[in-house]
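Letters are used for the chains, namely A, B and C, taken in the order the chains are written, and counting of residues starts over at 1 for each.
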Amino acid sequence: MRTERRVTHRSGTIFDTSRFYRMLSTPAMLLLTFLFIVPLLITLSKAFISTEGTLSFGRIFEMMRDPYTQRILRFTLFQALISTIVSLAIGIPGAYLLVTYSFRGKHIIRAISMIPFVLPSILVVLGFVIFYGNNGILNSVLKQVFNLSEPPIRLLYTFTAVILAHAFYNFPIALGLISSFWEQLPQRYNQAAMTLGAKKWTVFRTITLPRIIPAILSASTLIFLFCFSSFAILLVLGGGPKFTTIEVEIYRRARMSLDIEGAAALSLLSIFVTITLVAIHLWLQRLMIRQEDVEQIQEQRLERKPHTIFGKFIVGAYVIFSIFFVLGPLAGIVYRSFQIPVSRSGDLAFSFDAYRQLFGFKQAPGSFLSIAGSALVTSITIAAITAAISLIIGTMLGARLRTRDKQGNSSLELYAMLPMAVSSVIVGLGYYIITSTLSGGDTLGRTLVILAHVVITTPFVLRSIVPEYRKIPISYSQASLTLGATVSQTFWHVELPLLRPALITGAAFAFALSMGEINATLVLADASIVTVPIIMYRLIGSYNFAGACALGTILIACCAIVFLTTESLRRSHNG
Amino acid sequence: MGELGLVCSNIRVTYPEFSLHLDLAVNKGELVSIIGPSGCGKSTTLQLITGLLPCETGTIMLHGVDITHMPVWERNIGMVFQDYALFPHVNVAKNIAYSLKLKKIPKKEQIERVRHLLDLVGLQGFEKRRIADLSGGERQRVALARALASEPQLLLLDEPLSALDAKMRKRLRQQIRHIHETTGITTIYVTHDQEEALTLSDRILVMQQGSMEQFATPEEIYNHPSTLYAAKFMGEGTLLPHALIPKILVSIDKGPDTVVFRSSGESRQVFFRPERVIVHDNPALAFPEFLPHLRFSDARVLSCEYQGGRYLITCDWNGHEILAYSRYRPKHTKVTLGVRVNDLVEYVEGLVAR
Amino acid sequence: MKRHSLVLVLAVFVCSSLLYAGGLYETTENGKQTLTVYAYDSFVSEWGPGPLIIPKFEEKTGISVNLISAGNGGELLNRLEFERHNPKADVIIGISHELLHETLASQLLEPYQASALSHIPAWLHFDPTYHLLPFNYGNYAFVYDSHAIQNPPTSLDDLLDSQWRRSIILMDPRTSSVGMGLLEWTIAYYGDSYLNWWESIKPNVLTIADGWSSGYGLFTQGEAPLVISYTTSPVYHVLYEDSTRYAAQVFEEGNLAVIEGAGIVASSQNKEAARLFMEFLLTEAQTDIALANIMYPVNTSTILPDAFTYAPKPEKSLMLPSELIAENREQWLREWVEVMSQ
């Protein structure tokens, strides 16, 4: 099929000069600025205050020269790098399988694998321990089956455990991002290469790999940023302070030592590093993205069922592996929620008590629902509103970012990705400072929580919308204009409907992230806003692990429902 | 001189690759082709006319109305894009009715017009079909129907047939001609295929690197291309230095045509089409002395290509390559070729000299 | 599609206004006096003392209380500091004795000699100036799993024994107050050579968790049979799980004490109500606090359920002076990290 020739002229097309698009991004930018940049700047400004209270760079220089700081910075970068590489190593073959073969349960794997990413980290830690721990499910089963006295798998409390946990958390991102990008690539080039005599591996190495690099970059930046600011996983699963990261130190100074200035200075350093990384990533992306040929007919990539024994084996093995890897800790959490210590012996036995307690116990004030029930309602409401708002903002920004060649675009993209690059402790601090100067009671609290969630989820919505938006051939929008539609009408009637799958994915992700968000919520919410993660956190804090796991199970179930629905909606759109 | 349809005056736009310079007047109801190689500015011209690209200088008038600064959506210019740009998320009928819906035309009338348009393009009953299920030719016709739905004053087609196979192309060409004649709409048709341009157009505009080479009827351009570039572009031909003429001139004592041999500059060249060449391969037969003025004796046949009904022979004559059409395959390796002087077009530095 | 998006936008507004309305409904109850209390998160939690004691106070005095979760430990003080020029809180609950020095230096609180103090043993009056009044206390202790251990360790030295290889769960003093407590414990007992203990304990440590929650979670999962926690931890299991499986150890050299305090904010506009609340906190609220926090009440006349007998009483309660802590905290942590990172 012929390829479309895009006419992009430097003098600017109608879309570049359109006021509509330019206006779209303004409210989004405003929101981002007030909700994020301002609190951030307020907190960071404290870094410039020396111990005497005067304005100086001294603190920052001291921080940079301190060998301890340098050491933990190096380690932070190192573990993030290794985690990213491992996540990619697991994710890319998986993406290949997802793209090439069709097999039962494929969509379920895709949906479920996104769940770990949105869960609060303490749940991930617990889940990991429950499943992989020395006294965990895996070891117990193995001990029984092979009649051993000692647990055979001693994964935890080592560097390996940390990397594995990071990979568990993050490889689905690699899987999802890369596979969805990959399956859009036309197969012509591979086919051409094969007729020229290239073997499969060569084809992959020379043709496919270079073309999926933008997706790999995208995924790796996301993963890196998350591993960079990883906290609980490192300390608990790593086994001790040898695995200290910058985030730990920031947390310590801000929360325990009352050294806001020190926390701010350290944070400034950390932000500098992460922003540089994000900038490099965006630059590399622009360098690597060639104008992908746009097919008139969306070539139905013919997935085949694996027909060789080897193929079947590989697929089967990977499916089992990922189920294991992803579902294992999740299953651990579910399992634990049914384990209640009975009577005097304290042994754990199967029981619904945790759920019964949660849902029957104690009415929440002013509501007919139980505490857990009303927390669930609150969480879902906040998540829904967050998803709606961040979807709107993400789309607006996406429309603005669509014209690829503009100089302002990369800084806009960078701006929008900032929330991912900054430690939530720092953002939390900033919010603290703001709320301390404002007064507004409950209403303010609710609004702030929602807005904070929006800030946190928008980068993800953006990540899922922008690439899809760029794929819409510009000729469609041009055609719409010639047919009599204004730019804004084109946006509503042509571009938005074509974005539907991306919008659904983005919204689902925002929803799930909001459901599992704990850090900002803890800071901003007072007693009146109680979400599921907060209750979970409180349960853990009061010895009630079964209860926390029960809520965790509910959270997992909610996210699973959302993602599964998304997958089926996407399929019905494409199918 | 027909009524003026589209007038582009003094349009100058500068790009890094070239500068576009347009001064074009298309009559109402005319079908004009714009032809040229890739990157010559054909598509850019269309984009300027529709308003998708802004116009820095000059004016564009459509049916007497100045549309230079009018936004795209007010110009009512129908355009068929190279990739058809059919909206995949709605069916055929909704695609076609898109502009009608925007104009808030009542539903009943929309249905009626869609049916009428589908009739016109030969796709009766296709209303509910999905875009993804259509073949290339069907898509093209739907795109055409869509562009025509709002009864535009000008129709632009951007290489609409380039994605199709030869047979489809021929068929659709006729269809486009038929539609044009039925609707009488002023049409601009961009193509890089000279055969299309020659068969379809009332007039052809040859473009190169942003400038207009020649704007004339197909016959005019084919037979009297005003530049060498246009000549080469519109079809096969032979190019020879003018200085050769004395050597091959066959003088004729009588006859109305007198050949005046002008003294040549070094850069003067002559050009003639292969169909104008007489091929004489049987030395036993007399060379028809009364027809040709130039005789190339003992031209060696290099290659002979069957084109279905005729042969294209490439010959070498003293180091010069000559192309000729012949009804029959030459039996001998040496042939004699003849050309009339009237069929020569002379060029000095690429421009026609007369 | 335009219609759909309008519906979407409308839905957003409707939802948010519902939330707003809900919020408005819950706040202002006009006419009544309102007292704003900042407390740490588990105090405010549904399972904490807050929901138990607040209604009782409101009923008794007619003063409505706005209980707000404002972080833990140092964060509470920070919050007050940020709000210095725009004060909202009247009472603050949850500053432990370790932060006394910083609290006094900040001059954010106002002293109050509650009459209830007479029922509180002298050694618990950690603030001689009475800016911070104690309201509950406890001792850190190592808790063990009686299913796994029959002969639990009886002293800090005992813990160094090789039989406890990879059996102990600790917390990071940089991110956990319990972890910090253990650090202070070793300093209180060993003095300047405390680092030797830490060096030697390393092979016996399974992991150093980021907080008590995850640490104790690992413990109840059975990852290791020993964990640093409170002497009162077994009480929870007896009360709510009817199980005596987990027990706490009193050490020969004594256990480090932790005393939590509350105080009246100096810039409060409701001093009267605040004082009433403090009295209440130190008297009628004591039982609920003990039960919900699983810690000891300071008021000696409080009646405790039998379950509390499962919390062993240490003979010696160790404590470090708060000026010492304030001066050396950074250095201690730095040295600790040095040693433990090897």
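Simple rule for what comes next: contacts are C-beta pairs under 8 Å (C-beta built on N, C-alpha and C of every residue); 3 or more make two chains touch, one makes a residue touch a chain.
Quantities reported herein were computed from a predicted structural model and do not represent experimental measurements.
Interface comparison, A-B against A-C: more C-beta pairs in contact at A-C. In terms of the distance between Cα centroids, chain A is separated most widely from B. Separating the centre of chain B from that of chain C, both taken as means of CA atoms, is a distance of 87 Å.
Each chain gets one centre point, the mean of its Cα atoms, and the points for chain A and chain B are 55 Å apart.
Computed from the mean C-alpha positions, the centre of chain A lies at a distance of 33 Å from the centre of chain C. Those residues of chain A in touch with two or more other chains are numbered 493, 497. Shown for chain C are the residues in touch with two or more other chains, of which there are none.
Residue ranges on chain A touching chain C, taken from their complex, read 68, 122, 125-126, 129-130, 133-136, 156-157, 231-232, 235-242, 244, 248-249, 251-252, 255-258, 260, 336, 340-347, 362, 364-366, 371, 381, 384-385, 388-389, 392, 432-433, 436-437, 439, 441-443, 445-447, 450, 492-493, 496-497, 522-523, 525-528, 530, 535, 537-545.
Every residue of chain A that touches chain B in the complex is listed here, in rising order: 1-2, 4-5, 7, 9-14, 17, 294, 296-298, 473, 475-476, 478-486, 489, 493-494, 497-498, 500. By the touch rule above, chain C contacts chain A in their complex via residues 1-2, 5, 8-9, 11-12, 15-16, 19-20, 23-28, 41-42, 44-48, 50-51, 67-69, 71-75, 77-79, 82-83, 86, 88, 102, 147, 172, 174-175, 177, 180, 205-218, 220-224, 233, 236-237, 240-246, 294, 329-330, 333-334, 336-337, 340-342.
The residues of chain B lying in touch with chain A in their complex are 13, 15-16, 43-44, 47, 50-54, 56, 71-79, 81-85, 87-90, 98-99, 102-103, 132, 136, 139, 146-147, 149-150, 162-163.
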